[in-house]
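You will see two complexes here that share subunit A, one where it goes with subunit B and one where it goes with subunit C.
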Partner chain A sequence: MAGKRKPKVAVWKFASCDGCQLSLLDCEDELLAVAEEIEIANFPEASRAVVKGPYDLSLVEGSITTPHDEERIHQVRRSSKFLVAIGACATAGGIQALRNFKDVQDFISIVYATPDYIDTLRTSSAISEHVRVDFELRGCPINKMQLVEVISAYLKDRKPVTPAHSVCVECKRRGTVCVMVSQGTFCMGPVTHAGCEAICPSYNRGCYGCFGPKETPNTESLSEWSKENGMAGEELVRAYRSFNACATPFRKESERHD
Partner chain B sequence: MTKKTRTIKVDYLARVEGEGALYIKIKDDVVQDVKLKIFEPPRFFEAFLQGRDFREAPDITARICGICPVAYQMSAIHAMENALGIQLDGPLREIRRLMYCGEWIESHVLHIYMLHAPDFLGYEDAVRMAKDHKGIVERGLQLKKVGNEIVSLIGGREIHPINARVGGFYKVFAKPELDGLKERLKWARDAALETVRWTAQLPFPEFEQDYEFVALSHPEEYAFNEGRLVSNRGLDIAVADYENHFVEEHVEHSNALHSVLKERDSYFVGPMARYNLNFDQLSPLAQEAALEAGLGRECTNPFKSIVVRSVEVLYACDEALRILESYEKPERPYVDLEPRKSTGYACTEAPRGILYHRYSMDSEGKIVTARIVPPTSQNQKTIENDLWKFVPKFLDLPEEKLTWQCEQAIRNYDPCISCATHFLKLDLERV
Partner chain C sequence: MTNEPRIIERNALNRLLEVLVQEGYQIVGPTLGEGAIVYGPVQSSEDFPAGWTDEQEGGVYRLKKRADKALFGYVVGPHSWKKYLHPPERRLWTGQANGTDFELTPEPIESTRFAFFGVRSCELHAIEIQDRVFIHDDHVDEDYKARRENAFVVVVQCGQAGKTCFCVSMNTGPKAESGYDLALTEILDEGRHFFHAVAGSPKGAAILQQVEARAATSSDNAEAEETVQKASQQMGRTLDTAGVKELLQENAEHPRWDLVADRCLSCANCTMVCPTCFCSTVEDTTDLTGDHTERWQKWDSCFTMDFSYLHGGSVRASTKSRYRQWLTHKLSSWIDQFGSSGCVGCGRCVTWCPVGIDLTEEVRSIREDKLVPLSSKKEASNGNA
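What follows is the complex of A and B.
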C-alpha cells in the first residue's frame, strides 16, 4: 500500500457491553503502531474526531435490538467497503438474544417501571440477518490478537487466519489434560469454535461456549454423553442458551431438550 | 450570538463507554433544560437472569460491561454468598482483592490517559495526543497493561474473565506463579506516582461543589468488596438496607434509571466519593502523593477526579504488592455451596462507584428475582446538576468550546453507559 492513502477505519456500536471494541484499546503494545497504518476515522469510544465516510473497513460490535438500529445498520453498510462483525452480539445476537425465547413485553416490565418509554424489537439479532457481512470474528469477548490479525490481513489484502475447528484442538496444542475425560466435567469444547486458546480447561473448568459453534458441530453426541453422565435436560438447555444462544446449531440443540 | 435561544447538542458523546447524548437549552442566558440522554439499547439482564442457576450469575452479569466485568462478577458472587450465609476470608479473599486491583488499574488508566486527559490538553483523542506527547501516552498504555496482566493471570483473560466463581475460584496459584507480577507492579507503582504528578499540573476550572458522597466503608481497609454504605451527610447503613434508602426513577429521556437518595436527592459515587470518605485508609505512599499534588484530604472539584483516579491507581499498585508479599496458596480453590431458598445482597466498589446486586433464589438454586444498580445510573442526576451550574459560568465561550467543556464535565464521571442501560449524546439548545 506504499504511497497510497491510509485506509479509513470506523468502529460502530449496537447493543453490546463495549468489551469487543475495548479489545482494540487493550492492544497496548500494538495500538500506536496500528494507528500509523490506518486512519481512525470514526471510533466514538476513543475519539471526538469524526471523519466522513465512506469507510474502507468497518468493525461492527453489538446486535440489532431497536427499530432505530435496524435502520442504522443499513446506513453503516452503505458507507462501508468491507464490514467485519466482531463478537458474539454481532455474530449471533449475544446474551440479549435470550429474549428471543420469551415475550419481550414481560422483560420490559421486569426492568423498567414505565415501560412506555422503552422502544425495542421483539428479538435481538446478528448483523448478518440485516446486511451483507464480509467477515465474522467470534467470541464473547473476541480475542484481541485475532482482531489484530483481521486488521493486518485486511491491510495486506489476504484472508484472516481464524480457524473454525473446535476448542479441543487448542487444548491439545496447549497440552491441557481433557477435563471431560479426566474429571467428568461437562465441557462444550468439542462443539465450540476455537479462538480463545482454550482458557477454561486450563483453569480447571469446562468450556462454556462463548465463541459459539464450530464448523459442523456434533452437538447431539455431546448431549448424549452428558446425559449418560447424569446431566439433566434443563441443564443442557441452559448450557446452549448463553452467549451464543441464537447461533443456529446451539439454538436447535437447546430446543431439542426444552 | 444575537439570538436569544441557544442549544448545545452532542448527538453521540465520545470517549465514554456506551451510547449517550447531551441536550442543553439556554434562553436569555439562563439554562432552561439539561438532559443527559441514554439511548444505549436496553438488554434486560434482570429479566433473563430469572430461572438461571445461581452459579451462572457471575459469568452472565459480567457481560453487562466489558470495561468492568470483574466488578459485576464480584458483586454477583458476594450477593450469592451473602444469600447462602458464608463469608470467605484468608487467601481467597485476598485474591479477590488482587483481581479488583487489576481492574481498577486497567479501567482508571484507560480513562485517565485515553478518555479524559485529551480534554485537558485539547486533543480529540489519545492517538492524536501521542503525536506530541508520545512518552506520556506510552506510559499510560504500559500502566494499563499491568492492570490487564493481573486480571489475565488471575482471571484467565482481561475481558470477561473465567476463573472467579461463587465460593472462590476454579484455579488458585502457588506463590512462585504470581511472583512475576511483582517486578511489573514495582514499575507500575513508579509510573502511577508519575501519573499523579502529571495530572496534578493539568489546568482545572474553578468548580468546587457541595456533594453528598456515598461509598463503601470498611473498618480495616480501603473498601472494595465489603463494608457499610456511608456518606458525608450521615448515611451509615448495611448493604441489605440499600433499597430502603435509595430509589430508582425512570425518566423519559433515558433508557437508564436515575437513582436518588429517598431522604435527600442526588448523590455522587466513585473515586471522588471513596477518596473523600476513606482517605485515611489509602496507603501512606498514596496519601503522601495526593497531598504533595495539592489535593488536600477533601476534594470537591469533579474536574480533579483525574488526579483522584491517579491516586487510586497508585493505591491499587501498592495494595496489589502488599497482597503478593504476604500471599500463601489457599488450601482449596473454593468452598462448595448448597443452594437454599434465600435472598442475598452485595455492594462492591466498581472503578466508577458502588455496584449493588440483590438476588433471590429458590431451594434448587434457581434465580427468582434479580436487581442490579450500576454506578453510572447513580451519578446521572449529579452529572446533570453539574451541567446546570457549569454552563452559566461559561456562556461567553464560543459554541464549539462550550460544547467541548460540557463533554469534559460529563467525562469527569467516567460514565459507563453500557452499564447504565439499563448512555450519552449532547444537545445544547440556546433559545
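What follows is the complex of A and C.
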C-alpha cells in the first residue's frame, strides 16, 4: 500500500556550522524512532547514501552566501513537498550576516591570500528570501525536541507546536527569577522567541537572543530600559548583532543605535 | 480544643513543621532562591530566608540583609501559590493507538497534600479568587479542586509592606481575617523572637494543639495587632477603586493606552506573576509514530498573539489592545464575570514588569484625565475638526 511507504526526508546544508543538522543526530533517545518512521534520503552528516528526490520533507540548514547556493536552493525547493528552514542561519542569515553591515570585498581582500578564487554574494540571507519556505524553526542552535516536534507534525499533517511568544513565558513557567528585575542584568528575553526553555536566565545570565525576534517585539522599549541602566549604544548594537543580526526587528534596532 | 491565640517560641517552630509532616503534608514555603525569595519545598525552619528582606519598585527587586533574624521579614516575591494549585504545565491525558481504535488515559488527579507556609493576606484573597474561577464557576477543574481541598494554609501576617504593595486599596489586607487554617504573626522584640498563632479551622486547631505553646497574653495580642498595623501604614502604592469598573469600560479609546503600549514589551511577565491570572492553553503533541498523543495544559497569557487567534488571525493584534484587555479584565470586567475585582494589590505585576509599568499609575492617569467630562472633550474636538 502506498500509505506504508516511509516518508523521504532530506537534510541540506548551506552556509552554516552544521550544528543544527547535528541536532538530529543528537536525538539519541528518539533517533531509532526517527529511523523507523522516515527514510533518510539525503543527510551527508549521517550517511553517504543519497536517495533521489522528490522528497516529502526537506530540512534546510544554513544561509545563502554564494551564487552557486543561490541556484541550489531552487533545486531543493523544486524537489521538496515541504521545505523547513532550521536554525538562525536559514531563518535570518546567521552570524555570517554581520557581513551585510559592511562591504564584503574588504573582508575578502584581508582574509584570503588569493581573493580571485572567492566567488561570494554581498550578503548572507535567509532561505525565505530566495524560495517559499513552509516553516521556520528558530534557534542557534535549534532545540532538538522542537526538531522532532516539527518532523512529527509534518509527517502527520498537523501544525507544529513552537510558540512565538517571549522567552519570559518559559522563565516564568519554570520558576526562574527574572535577571532584569532582580539584578539589573540586560536580557533579550522580552523580545526573543521562545524555544530554548530559557536556558541562560536559569544559569543566572541574560538571554542572548539565539532564537531571534519573538512575535511583536518591542525592542525600542527594551533599549530604553538598557540606557536607563547605563548601557551604551554600542553595547546595544552588539547585543542585537549576533546570530540573528539580520532578522528585521533586530537589524532595525541595531541600526537605530549605530 | 480552644481557638484562643497561642504563643510559639522561635525554637519551637520546627515542632509545627514536624506535626504538619506527621499529618501527611508536604510543606512548601519561602526559601532563598537565586536573587529573590521564592516558594519551594521546606524541611525545617532553617530553610526559611532568615535575616533577608526585599526592596521593590516598579521593575526592580533586590534582596537585602536585615538587621535581625526574622524568618518572614519580606513582602512577596515572584512566585505565588498558584504554581502548586494551578501548575504551569500539567499533562491532561495520554492517548495510545490500539489497532483501529485508541485509548485515552486521563492524568490522575493530584493527591499531594500541600501545606502552604507563609501565605500573605493578599495571596489568600488571590486563592479565593481562583477558587471562584476553578471551583465555584460552571466548569469545575477537578485537579485544582483536589489540590485546594487537600491544602493546609498557614498564614504569616505581614509585618511590613513594600513600595509596590496596595492591598489596603483593594481591601485584601494586610491582615488575613479568615480562610486560613493557622495564622501566625512573627514578633521580634527586645531579644525575643516568637510567633503569635491563631487557629482558623478545626484542622488548624488540631495541629496547633500538638505544638508546644503557651496562651497569649493581652499584651502579646496587642503586639501582634500592632505588627500588622505597621504594615498597613507602609503601603507604597494606592489605587482608587471607586467606579473603576465604569471608568475603564468608558475609556476604551483613552490616549493613555497608546502611551502604555509604547512601553509594554508584551512579554507576559505581569500575567505569569499575577496570583489570580488563570488562563491556560492546551497543546496536543504526537510522537513520530503517531501512535502516542499527549495533551498538556500550560499557563498562557492574553499578551501572546496565539491567545486571541481565531480563524484568520489574532483578534488583539496590537500591544495596546492586549494591555487594555488585561487591565480592563483585571479591574473591571472581572467584577461582571466573577463578582469581585481580579486584583489583590500584591504589586507583583508592577515589580516584575521589566520596564516597571504600574497599573496604579495607568488607572490614575485615566481617572485624572476623566475629570474633564468625556462628552465635552468630544464636542471640543468635533468643534475643532
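Throughout what follows, the second predicted complex is superposed on the first by the 255 of 258 C-alpha atoms of A that agree within 3 Å, B and C clash if a C-alpha of one lies under 4 Å from a C-alpha of the other, contacts with A are read in each partner's own complex, and residues count from 1 in each chain.
The working rule: a residue touches a chain if its C-beta (ideal position, glycine included) is under 8 Å from a C-beta of that chain, and two chains touch if they have at least 3 such contacts.
Computed from a prediction, not measured in an experiment: that's the story for all the values here.
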| item | value |
| --- | --- |
| Which superposed partner A:231 touches (first subunit B, second subunit C, both, neither) | neither |
| Subunit B versus subunit C as contact partner of A:17, first or second or both or neither | first |
| Per-residue touch tally on subunit A - higher for subunit B or for subunit C | B |
| Which of subunit B and subunit C A:166 touches, first, second, both or neither | second |
| First, second, both or neither for A:179, with subunit B first and subunit C second | second |
| Partner chain(s) touched by A:215 [first = subunit B, second = subunit C, both, neither] | second |
| Subunit B versus subunit C as contact partner of A:141, first or second or both or neither | first |
| Which superposed partner A:204 touches (first subunit B, second subunit C, both, neither) | both |
| Contacts on subunit A seen with subunit B and repeated with subunit C across the two complexes | 204 |
| Interface residues, subunit A side, partner subunit B - complex | 13-23, 25-26, 28-29, 31-32, 35, 40, 43-49, 65-66, 68-69, 94-96, 98-99, 102, 104, 106-108, 110-114, 117-118, 120, 124, 140-141, 196, 199-200, 202-205, 208, 210, 238, 242-243 |
| Contact set on subunit B toward subunit A in their complex | 12-19, 39-48, 50, 52-53, 56, 59-60, 63-67, 69, 110, 114-115, 118, 124-128, 130, 134, 137-138, 141-142, 144-145, 148, 156-160, 162-163, 165, 170-171, 248-252, 255, 257, 333, 404, 407, 416, 418, 422 |
| Subunit A residues touching subunit C - in the complex, by the definition given at the top | 30, 33-34, 36-38, 148-149, 151-153, 155-156, 158, 161, 163-166, 168-169, 172-184, 187, 189-191, 204, 215-216, 218, 220-222, 224-225 |
| Touch list for subunit C against partner subunit A, complex | 33-36, 38, 59-63, 77-79, 83, 88-89, 262-269, 272-273, 283-290, 298-299, 301, 303-306, 317, 319, 351-352, 354-355 |
